[in-house]
């Protein structure tokens, strides 16, 4: 490579390196150092307390709640979205009229800003005036009406339903693209061999959907890890912490109660989980090219 | 227009030596082919001349100027790529004008030159189309146009005809040759097709495994191959190469093929004996220099017909001689079928003898002496 | 048999479509109703087009809508451009450490916003860009770069290297090749990347929540959240505000939806 080329490569990479170096790497390092202090203010100096915040978090009563909520949320949201998305993709793959329009319809929830999805679903789930309970009353199913987001036992479920609503169409399109990329001869050959539709999907097609599953898994996992916008507008983590997740807890601790060091420690835990899961994914997907 | 000189050029990719100490002197205005099987290093040499690869050792001169360390734009070369590398978002006109446009030439000059170039290549009516709307042949001409508009010191063409369909390729050969003469340009092209090299080039550099096996005129390459590789690469079908050993018994000299004995004319046999160190050698003869008969004739050699391939105007017969098979070109009226006997005799004046170990030519019948490398 | 199967197929698909569309339907219809009408029925369409809720919502989110435009448009454009030049380098050049650098840049995509939020607030306050457009635009650009880089790199990998070499032999330098060959070829890819960036920046909430104070700079998503908090029982105002804030997304997906999904799919592969 000649000198001129080297200079231009340097110049072309400079903005990205400076921008991410500062905003992604320098700041996450800074966050790590804040997480080891007892900072409660932006101005006054703080004491170094080592892993004190992490210890405090592990011993905090809210820790158990958050871990439990996160586990339920991640499993039900991801499982539900993947299954419904796969089912929807297979149904669309049957060759339906108006496929183009249908794809647009199922992608609308993904296009909605998360904040607005949160507002919409708080309208859906509002116990007194809310749309779902109104619908149930109109259908004379009054006994099925629920307290929804006002109940400590149902709030997390409401968040999960809203999240499934957001991502199902997107996952369905991922799966559909994967199904359509498989050679047609496979399904034709399976048909000639006498396989039923069910056998065709179960034995031939679904085993080959690993790429879409991995991709969907990555997207859904990252979104459930950093979940904030929708949860915040829908339940604010409540009532009584019943839908508290890492994202909402971190926000409350840091920006509402000014436990900066403690909030930074929670954020740091999110950072570590994200890296542990996403680095192998990224490494794999880049190396495969 | 300029001469091109490569001096001890070596290029490695990791541990692989793609080009090994190649020296090549190409004359001003010459049309030269780099011919060889894929992976022989011919494209690497072309890319080194263009400046797209940096040689590990050796120097490149264009004219009298050393360009080894110059970047491609500073070398005054133009290159036509195998895929043509036309810019899909530009019309044919803009594609051809591109090199001048980069050099910020005045608009009128560009328009004038594109017009002239398009006339030479007979593509004036397609200038407003984009590459996607052009046929393969038209794309190739646009790519040529982009190369010639700059009037560079050297043209480099990487498999220029490979992407054309078979019929077009044959007519394009002649046109490219005419174009080269018309421009009087130094052109170097890479090909794996020996017919293409033979029909177009003035001189051919036959390459194998990163070295030039032979560099010479088409006649030299065909009639005086320097070694077994060249003789086997040139000609369709290729020269028959038969392992044998030379013996002298009772004053007469013969070749032993497996268990069979093939008498050699005395003059050739004597000359051979003087040159060889070992009696093992390879006997080479082209299919057209063997005659084949349905009946036994004096001095002919008995064989069995292995397969017969009619080619319309002639027949290609493969005969079994001991454990080796040889191809013979013959008339359509040759009647013998698979499994029947046939008798062959050889035009000894056109026979070649190679050293079995080094592959180098020992001598060939034409002038009875080994030729220069 | 076939007819019954088809019937079941369409039945399930319609259920899914209703699930997807019902909240949207409810948003649109509620936004045009008066409060008494809403109390009367939550499910029926409005009997008249009442625009009062829009007026009221606009008083609160009008300025934030403008703020969001001011923040989103330059961030999306600059982020895309930087992703494009970075992706170009990583697709066509290899140098010492290029793979590692590429991975580090793309990895930026997977850093949770929460993990840098507090330092960004501190930094912005220190250099005096807290509660300014610039203070929001800079992190938006920075966090647009990873996915845009990956997106463009994958696209440019398919641009034949011969074409770039040909331009080099014809006399083009690196910036010339970018400007004359790469950029013109990027057309729709560039537009898709701008739209993807526009979408996430427009929709982002947390950044605006912590980096702004008061309506002067506040992006629209923060304003909608505030609307949700202040007009608690005024569902028509909340829905009207949501509808207005979501409108740019609706427009983008109507025009670019196909490309965006395709782009997102290609990018995540």
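Should a chain be cited, it is by its letter among A, B and C, assigned in written order, with residues numbered from 1 in that chain.
The rule is short, and it goes like this: contacts are C-beta pairs under 8 Å (C-beta built on N, C-alpha and C of every residue); 3 or more make two chains touch, one makes a residue touch a chain.
These numbers come from a predicted model, not from an experiment.
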{"item": "Dominant chain pairing [most C-beta pairs in contact]", "value": "A-C"}
{"item": "Chain of greatest Cα-centre distance to chain C", "value": "B"}
{"item": "Computed distance of Cα centres, chain C from chain A, in Å", "value": "16"}
{"item": "Centre distance in Å when chain A and chain B are each reduced to the mean of their C-alpha atoms", "value": "61"}
{"item": "Rounded Å distance between chain B and chain C, as computed from the means of their C-alpha atoms", "value": "58"}
{"item": "Per-residue overlap in chain A, given as positions that touch at least 2 other chains", "value": "4-5"}
{"item": "Residue list for chain C, restricted to those that touch at least two other chains", "value": "173"}
{"item": "Multi-chain contact residues (two or more partners), chain B", "value": "71"}
{"item": "Chain C residues touching chain B - in the complex, by the definition given at the top", "value": "160, 162-163, 165-173, 176, 180-181, 184-185, 187"}
{"item": "Contact footprint of chain C on chain B as seen in their complex", "value": "50-52, 71-73, 77-79, 81-83, 85-90, 98-99, 102-103, 146, 150, 156"}
{"item": "Sites on chain C touched by chain A in the complex", "value": "9-10, 12-13, 16-17, 19-24, 26-27, 30, 38-39, 41-43, 82-83, 85-86, 88-89, 93, 95, 99, 101-108, 110-123, 125, 138-139, 141-143, 145-146, 149, 154, 157, 173-175, 178, 199, 202-203, 205-206, 209-210, 221, 224-225, 228, 233, 235, 238-239, 242, 245-246, 249-250, 252-254, 257, 261, 264-265, 268-269"}
{"item": "Contact footprint of chain C on chain A as seen in their complex", "value": "1, 4-6, 8-9, 12-13, 15-17, 19-20, 22-28, 30-31, 34, 42, 84, 88, 91-92, 94, 96, 102-109, 111-124, 126, 129-131, 134-135, 138, 165, 168-170, 173-174, 177, 211, 215, 218-219, 222, 225-226, 228-229, 232-233, 246-247, 250-251, 254-255, 260, 263-264, 266-268, 270-271, 274-275, 278-279, 282-283, 285-286, 289"}
